[in-house]
Every structure is written in C-alpha cells, then in structure tokens.
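The same subunit A turns up in both complexes below, where it pairs with subunit B and then with subunit C.
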Partner chain A sequence: MNTSGLNEAAQKAAALCEKSRACVNDFKAWVQLDSRNLSDGQQLAVKYFIVAVILFFAQILFGLLAATQFIFPGFLYEILDFSVNRMIHINAMIVWMLYGFIGCVYWFLEEESGTEIVGLKLGNIAFWVLTAAVTLVVLVYLLVQIGPGKDSSLWFINEGREYIEAPRWADIGIVVVMLIFFYNVVATFSKGKWSGIAGVLTLDLVALAGLYTAGMFYMTNITHEQYWWWWVIHLWVEATWEVLVGVIMAWSLMKLLGVRRKIVQTWLYIEVALMFGSGILGLGHHYFWIGTPEYWLTIGGFFSALEPIPLVAMVVHAVYDSGSHALKSGNHPALAWIIAQAFGNFFGAGVWGFMHTLPQINLYTHGTQWSASHGHLAFFGAYATINIAFFYLAIQHWRGDVWMGGGSQNAWRWKWALGLLNGGVLGMTIALLIAGYEQSFIERAVEGSTWGGYFTAQNHPSFQSAMIWRLFFGGMTFAGFILLVWDLLTIGKGETRKAPEIIES
Partner chain B sequence: MIEPVALEDFFITFFSSALIILAGAGYALLFSWSKVNPSIRIKIAAYVSYAVLVLAVAVLTRAAHFQGYWLIISVLMAVGYFFAPIGIWHLCVKTHAGSNLKNNNNNNNNNRG
Partner chain C sequence: MNETPLWASESFWKKTAIWVTAGSFLILVVLTMDSLSKTSAGSKRVPAYSVINKKIDYQYDKELHKFMPVIGETELLFGKEYSEEEARQLVDLGKKTTQAKNCMNCHTLLGNGAYYAPDLTKAWLDKGWISKEMREDMMVKFLMDPENNARTYGSNRKMPNLKITEQEAKGVIAFLKWMSSIDTNGFPYNFKTINAEE
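Let's look at the complex of A and B:
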C-alpha cells in the first residue's frame, strides 16, 4: 500500500472515530443520566450492569436460535450449530448474572463500609480484563466450533465440561478476578466498618472463589470427575449465589422499604443457616446416577425434601411484614421485581424442583427437558429478577433519586416489561414441562433410555408442539427484554419530584 | 434400595410432589394471615390446606414406594410443614419485637402529644 492509500485509510478511521464519538454523545444527551450522582464505586458498578444487560441480550438471542433449531434442525447447520448456541445461551446467563451480582456489591460497598473502595483502580482493571476475556472466549466459541480434543484445545478453545466450557486460561482469569473482587470487599470493610451483611458477604466470597477451582482439574475416573464438577454447578450456583442474593436482598430491603438493619441481618443469618443446612447436602440429588455409593440416594432425597423450608419461611415473613408495615416505596418497578423474585424463587426452585428430585422419579426425569423447565424458572425467578430490581434501584439513583412510585410517567413500560418477561419465562417453563413429561415417560420409562426411545420421544407430536410453544414464549421474553431496556434508559427522565428519603423503621 | 414409581403413577407422583409444596406454602400463608388478621375462617382454611398437604404426602408415599427408613421423609414432611410456620412466626415476632416496641412508643408519644 502506498503513502496516499495509508493516509486515506487513516482519514477514514479518524472519520469513523469522530462519527462514533458523535453517536455516543447524542446517546448521552438523549438518556440524560448524570454520572455526578454516582460515587466512584457506583460508577464501577454501572459498568458491570451495562455488560450484564448486553450478556442478557446474548443469552436470549442464542436461546432463540437454539429453540428455532429444535423445530428446524437444518437452520444454520454447520454455520452456527445447536451445541454452540446452547453453550453460549447458558454461559451468557451464568456470566451476566455474575456481572450483575458483582455490580450490586460494588454499588453498596462504599455506603455499607462507610469509606471509599480501597482497590478501585484494581477493580476497574479487573473489569476490563474480565470483559475482554469474556469477549475473546465467545469469539473463539463462534469461530472454532469443531476440532480435535487436545491439551491445547482444552487450554485455549473449550474445556469441554458442560456449563463451564470456558478454556483453562479463562478459568484461571475468572478466579483471579474473583480474588481481586474479594480483596476489594475485605480491604474496604477493614478500612471502614464491618457489619453483619459484610461478614456474610466476605465468607460467601471465599466460597465463591474457592469452589470454582473444583471445576479446574481432571480425574481419569468419570464418577470422580462428575463428583467434583457438581461442586461447581450445584454448590457454586445453589449455595454461594443464593447467599449472595440474600445479601443483596437484605441491603435492598433496607433501602427500598426502610426495614431495620437488626431485623434484616438476623433474618440473613437465619436464611443462610437454612440454605446451607439443606442446600449443601441437597447436592446429593445430583449424585444419584453418576456411579456414587447408594447412600447418596437417601441423602439427596432427604435434603431435597428440606430445601423448600427457607421458602416457607419467606412466605410467613412476607405476610408478617405486610401485616405490620405498609409496603410503601418510591420505586415501584424495583419493588415489583423483588416480589417477582419471591414468587419465581418459590415456584422455580421449590415446586418445580421438588416435583422431580426424589430418586424414585428422578430416575426418569434426570437430564430431560424437565430439568430445562426447572432451570428456566429457577434461574430467572431466583437470580434474574433480583438483578433487574437492582438495575431499577441504580437507575433511580443515577437520575438523582427521582420519584419512581405511583403516578410516574410511562409506567406502562415497566409493567409490560415485567409482564412479558415473567409471562414469557413461565410460558417456556410450562412448554418444557410438557416436553419433559412426555420425554421422561416415553424415552425413559416406556422405552428404557434406548436410542429408539429417544427418537420416538423427540418426534412425538406433544414434544414438537411444546417446542413450538417454547419458541413463541421465547419471543415474548425477547419482547419483554427490549421493553425493559427501553424503560431502563428512559424511566424517570423529566421527573422533577424527588423520592422520599427512606429511613429505617 | 429404592423402587422406582410405576408407569401408571407417573402423573400422580409429580402432582402430589408439587401439591406438597403448594399446600405447605398455602398453609404457611393462611396460618400467618390468621395471626395478622384473626379470623376463624382463615384459620379453618389454613387447616384445610394442611389436610391437603397430609393427603398429598400419603399419596406420594404410596406412589414413590416409601418403605423402611424412607417413611421418615413422609413423617418429616407431615410434622415439619405443620410446625415450621409456627416456629417461623415466633421468630418474626421476636426479631421484630424492638421495632414494634419503638412503633408503639412513637404512637403512645403521639397520643400523649
């Protein structure tokens, strides 16, 4: 290329940069968000929230592609295979929720500790490193879809372990980022002041970083291999994430409803004790069919029956609170999403979980669409909802603590987004439940898990109808997501009334 | 050793399992509501919900072939779901005691004023 060609390319690049900058400025002028309302820690939290929303979009997009391939198996065949779509769908979900949780903690860290974040610069570097790594991992998933399973592919392309497919370098990176996050939390609380919430959070982060390492080594025996893999899948997600949600919920309830700190912290301890008491050995329900000793059938069965107890506690406490305190809040969308969390967690984890957890029935349902049905409602109900509630808390503060209660402008948007997202996920859950029932009955019970049984079940009219309905409700979820993003960007714009200051009751 | 559910009991197993959780939560909801808003009708509804739960436990026990020590699960569910809401209600009252006291004092002061 000659000098004039280079100059031309440089001019084009400069013009493109200028255009992008102008677009960003136009967007900033349109959303009218004032970052001066945010502390340094909250500005870091907002970065995590933005990436979380982008990954939420990726989760839904790749989920829709995979759902389409269930109906039209030739769709994008050898261009974007089902295995890749499913993998990105699930990985994006795990990572966006993690981004959301980290963002939530950075959001309240300074206020809770009463001091500035100690390693803010380190936190910012960790954010960019993690985001670059996630982008690179997804690009590699898309560009290298098939290939030999060698040591090098394990390190650089795909680890090949369901749900935690990230290559080994990324695994190490995730643990390093978690350790930086852990350091920031502990050092900030140590510099400022400790609280019950701070103590539970710190202990939980030890488990959050530590348990992930259980998915980073291989064993030659498949039973041993699966034994440790479940530590990441069950204990990481069902124990440490639940506690993290408890911490976020505790802080949100103080800010949203003015619940007294002493009450919130006491109940946080009770919930953590109930969740760990039933949840840790509830792990047993994953050990039923992987070659572990028979006593796991009993342990898994017993502790699975205990797992709904924290949910019953939640019901009683909610009624007590509604009877003794009027639920008045200046942020209706956040409150509505927290109520959605209570219902989603109860039905998704409690009802859908217990329906197929006892080994006498799990023999047939394990790993069928029944599990997918439970997974959709439980993950959305327990984790997505609390993140979305927090997004609304953050946007309210970002706009300068404006009124977002009754009589707000364009309130239909958040109500419709809430309805479409919850209705969409519930619809997918019911559709997958029907598919799972049919699959576990025909493929597993009648035909004894044979290939013939598998194809009979997959081609059964009720299974195929269920898959069409799943795609329809996936589309509804996508519509809800678009409306949610629109609402998050515009809610409170032009609102002049201030939200009342919430003080502890 | 466990005995898997029979084909004809497939649906009833799922249904009774779900009903246990729903009736358990229904009982917890109605029980606590009857405490907030004392009414014999709500209390009766709570016990009806609990009776549904016991029935669902009995159906699941039969359908899932609970025998020997597996029967402990049935007993635990029947007893546990009855007492758990009562215990949790007492915890609520105790943990909120300071707050209620504060509210009452505020009300008394307001009345005096």
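Let's look at the complex of A and C:
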C-alpha cells in the first residue's frame, strides 16, 4: 500500500471516529443524565450496569436463536450450532448477573462504609480488563467455536463445561479481577466503618472467589470433574449468590423504605444461617447420579428439601416491611422489582427446585427440560429481578433523586416492562415444565432413556407444541426487555419533583 | 419489658450464622474427602480405565432394586488389549475431545448438560448401534462424519461436523465405554442395553 492509500484510510478512520463521537454526544444530549449526581464509586458502578444490560440483551438474543433451533433444526446449522448459541445464552447470563452484583456493591460501598473507595483507579482498570476479556472470549466462542482434543483448546478456546466454559486463561483473569474487587471492598470498609452488611458481604466474597478456583482443573475422571464442577456451580448459585442477594436486598430495603438497620441485619443473619445451613449440604442433590456414594441420596435429598425455607423468610421479610411502611417509597419501579424478586426467588428457586429435588423423582427428571424450566424461573426470579431493581435505584439517583413514586409520567412503561418480562419468563417456565413432564414419563419412565426413547419424547406433539410456546414467551420476554431499556433511559426525564429523603423509622 | 429477647437479637443470629456455616462446611469437606477416595479410577464405583478391555452391561439388580453396571469377560475395543496406562491415555484423549468440541452444550453426560441431544451416560450400550459387531465401526463413522451418517430418529436434528479425527473418535468411544461402567446409583432407570434380548 502506498502513502496516499494510507492517508485515505486514516482520513476515513478519523471521519468514522468523528461520526461515532457525534452519535454518542447526540445520545448523551437525549438521555440528559448528569454524572455530577454520582459519586466516584457510583460512576464505576454504572459502568458495570451498562455492560450488564448489554449482556442481558445477548442472553435473550442467543436464547431466542437456540429456542428457534428446537423448532427448525436446520436453522443456522453448522454456522451457529445449538451448542454455540446455548453456551453464549447461559454464559452471558452468568456474566451479566456478576456484573450487576459487582455494580450493586460498588454503588453502596461508599455510603455503607462512610468513606471514598480506596482503589478507585484499580477498580476502573479491572473493569476495562474484564470487559475486554469477556469480549474476546465471546468472539472466540462465535468465530473459533471448537478445537482439537488437546490442552491448548481448553486453555484458549473453550473448556466445554456447562456454565464455566470460559477458557482457562480467562479463568485466571476472572480470579485476578475478583481479587481486585475484593481488595476494594475490604480496604474501603477498613478505612471507613464496618457494619453487619459489610461483614457478611466480605465473608461471602471470600467464598465466592475461592470457590471459582475449584472449577479450574482438568480431570480425566468425569466423576471427580463433575464433583468439583458442582462445587462451583451449586455453591455459587444456591449459596453464595443467594447470600449476596440477601445483602443487596437488605441495603435496598433500608434505602427504599427506611427499614431499621437493626431489623434488616438481624434478618440478614437469619437468612445466612438458613441459606448456608441448607445450601452447603444441599449440594448433595447434584451427587445422586454422577458415580458418588449412596449417602448423598439421603444427605442431598434432605438438605436440598430445606433450601426453600430461607426463601420463604425473604418473602415474609420483604412483604412485611413493605406493608408496615404502607408501600411509601419514592421509587415504585425499584420496589416492585424487589417484591418480584422475593416471589420469583421463592417460586423459581424454592418451589421449582423442591419439585424435583428428591432422588425418588429426580431419577426420572434429571437431565430433562424439567431442569431448564427450573433454571429459567430461578435465575430470573432470584437474580435478574434484583439487578433490575438496582438499575432503577441507580437511574433515579443519576437523574438527581427525582420522584419515581405514584403519579409519575409514563409509568405505564415500567409497569408493562415488569409485566412482559415476568409474564414472558413465567410462560417459558410453564412450557418447559410441560416438556419436562412429558420427557420424564415417556423418555425416562417408559422407554428407559435410550436414544430411541429420547427422540420418541422429542417428537411427541406435547413436546413440540411446548417448544413453540417457549419461543412465543421468549419473544414476550424480549419485548419486555426492549421496553425496560427504553424506560430506564427515559424515566424521570423532565420530572421536577424530588424524591423524599428516606429516613430510618 | 422493651428488651429484645435473646432469640430475636442480632448477636444471637450472628453467632448462629457463623456456627451453622462453619459446621456445614466442615461436614462437606469430610464428605468430599470420603467421596473422592471412593470414586477414584480403579475403585468399586468408578472402574479403572482398562475396563475398556471388558464386556460391559447394565442390568436390574433384584436385591438392590436398581440398575447396576455388570463387568464381564474380555471384550476388546478396536481389537486391541490396552495396558492400564494406554487405556488411561485413550480415555483422556476422548474426555478432552468431548470438552474441546463442547459436547455438553447439546448432550448430557451423567445427566448434566444441555437437552438438545440424547444423554451419553450409557451411549456405549445403546440399542441404536444395532448390533455389537457393527457398533465400533458405526460410532467411528458417526463421530467423524455425523451429517452423512445422521441418526435423527425422525427429528431432523443432526449433529454438526465437529472435525473429529479418527484417533479422537476412538478416544471418545473409549471414554464412553469407560463411562458406561460407572455405578450411577441406578441412573438411568429401565435402560435396555444392546446386549438385552428382545
């Protein structure tokens, strides 16, 4: 290439840069958000929230592609196969929820500790490193997809283990970023003041980061490999994540309703005792059929059957506090999503989990759409909802603490977004449950899990129609997501009334 | 009268939370050590990799009231007798291949994974391979070129071509044969193997 060609290319690139900058500026002018309303920690938090929303979009998009393939198996065959779409669907979910949680913690860290974040610069660097790594991992998933049966594939392409498919190099990166996050939390509380919430949060983050390392080893023995894999997956989503949500919920209830700290913290300790008391040994319900000894049938069955109890406690807690404060809050969407969390967590994780957790039924439901049904309602109900509630808290503050209570303009948007998202996920859950029932009876109980039995169940009309309904409700979820994003960008715009200062009562 | 009773106090629940968590975790660590030792390759529940040299079946045990793997006489894989180390290497190649090809995001292994394609726990014993004489050859061909050897059972769902080499395919088959010998507490229930008489 000669110099004039280079110059031309440089000019084009500059023009493109200029154009995109103008676009960003137009967008900024349109949303009218004033970052001066945010503290440094909150500015870092909203970065995490923005990436979380983008990944939430990716989760739904790739979920829709995978759901379409159940109905039209030739769709994107050998271009973006089901395995790729499904992997990105569940990975985007895990990562957006983690981004959301980290954002929530950075959001309240300064207020809770009463001081500025100690390693703000480090926190910002960690954010960009993590985001670059996530982008690279997703590009490799999309463009390279698979590799030969060698260690290098597991290190650089994909580890091929559901939920923690990220290649090993990214695992190490994730641990480093989590350590930076952990350092920021501990150092900031140490410099400022500790509280019950701070203590539970710190111990929970130790467990959360430590557990991840249990999933970073390759093993030939699949029984051992799945044993440790469940340490990560189960002890994350059914123990440490639940406690993290308890922490976020506790802080939100003080913020939204002015619930007394003493009450919130006592509840938090009760929840931790019940959550870890049932959840840690409840891990055993994943050890029924992977080759591990029979005693797990008893231990896993018993303790996992107790897992719904803390979730009932959380419902009581949220509903009682809302009622005793007569739902008086200057942020109705956030409060509505908190209530959705309490019920979603209870039904999705609690009831749907309990339905198939005893080994006597799990023998037939294990590895069917029954698990997918539970997964959809539980992840959404327990974790998506609390993050969305926090997005509303954040946007309110970002707008300068404007009124978002009763009588707000365009309140239909958040109400419809709430209805479509919850209705969509619930619809998918029911459709998948019907498919799961059908699979358990026909494939498992009658046909004995052979390949022939599997396909007999997959070809059954009730399974096929369930897949169509699932796609329909997936579309409804997507519509809810679009409305949610529109609402988050516009809510409170032009609102002049201020939200009342919430004081502990 | 306004004093908070002990059972409702913050400090009581704080201590309870700490003790319950620590106690549960301790029990989990002890059980983990026990479980890992009882499931190492070569144990009663998880046979040594050289089990690929043997005939494997899966039958209902009337006394235990559940299906159990049955390990029988010599039945060589690809006509070769593997030493323990050779068998380990072949199963290892197969296991690594199943991870590098992302099998788990369509199939389930030991019932864990995705639900777009059949469970692989007892795939080695499946009647879908028609007869024991044809099985090895059919499996290799299927893994290397699934599109032209498609087994869709009327579902139109086809496995994509994952560029599996012949050696990798043999590794995967060895891995599947070994996995079918693991004692999975009777999962899957009511499975009729390729050995069973109609």
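Some notes on this structure:
Basically, the second predicted complex is superposed on the first by the 493 of 505 C-alpha atoms of A that agree within 3 Å, B and C clash if a C-alpha of one lies under 4 Å from a C-alpha of the other, contacts with A are read in each partner's own complex, and residues count from 1 in each chain.
Following the convention adopted for this analysis, a residue touches a chain if its C-beta (ideal position, glycine included) is under 8 Å from a C-beta of that chain, and two chains touch if they have at least 3 such contacts.
Everything numeric here is computed off the predicted structure, so don't read it as measured data.
In the model built by aligning both structures on subunit A, subunit B fits alongside subunit C without clashing. By the touch criterion defined above, A:Ile361 reaches subunit B but does not reach subunit C. Within the superposed three-chain model, A:Phe70 lies in touch with subunit C and out of touch with subunit B [touch as defined at top].
Once the two complexes are overlaid on the shared chain, A:Val129 sits clear of subunit B and of subunit C alike.
Once chain A of one complex is fitted onto chain A of the other, the partner contacts of A:Ala445 extend to both subunit B and subunit C. Touch criterion not met for A:Val186: it reaches neither subunit B nor subunit C. By the touch criterion defined above, A:Ile270 lies against subunit B and subunit C together after alignment on the C-alpha atoms of chain A. Once chain A of one complex is fitted onto chain A of the other, the partner contacts of A:Ala479 are absent, as it touches neither subunit B nor subunit C.
In the superposition on chain A, A:Val312 makes contact with subunit B only, not with subunit C. Ranking subunit B and subunit C by residues of subunit A touched puts C first. When the shared chain is aligned, subunit C comes close enough to touch A:Asp151, but subunit B does not. No C-alpha atom of subunit B lies closer than 5 Å to one of subunit C in the superposed arrangement. Counting contacts by the rule stated earlier, residues 262, 266, 270, 294, 297, 359, 363-364, 445-446 of subunit A appear in both its interface with subunit B and its interface with subunit C.
Across the interface of their complex, subunit A is touched by residues 1-5, 7, 10-11, 13-14, 17-18, 20-22, 24-25, 28-29, 31-33, 35-37, 64-65, 69-70, 72-73, 76-77, 80-81, 84-85, 88-89, 91-93, 95-96, 98-100, 102-103 of subunit B. Remark: subunit A residues 66, 69-70, 73-74, 77-78, 81-84, 86-87, 145-151, 153-154, 157-162, 165, 196, 200, 218, 220-224, 226-227, 262, 265-266, 269-270, 272-273, 276-277, 280-281, 283, 286-297, 299, 359, 363-364, 366-369, 371-372, 439, 444-452, 454-456, 458-459 touch subunit C in the complex. Of all residues in subunit A, those touching subunit B in their complex are 260, 262-263, 266-267, 270, 294, 297-298, 301-302, 305-306, 308-309, 311-313, 315-317, 319-320, 322-324, 346, 350-351, 354-361, 363-364, 437, 440-441, 445-446, 505.
Those residues of subunit C lying in contact with subunit A across their complex are 8-10, 13-14, 16-17, 20-21, 24-25, 27-28, 31-32, 34-36, 38-41, 45-46, 49, 88, 91-106, 108-116, 118-119, 121-123, 126-128, 151-158, 160-165, 168, 171, 179, 182-192.
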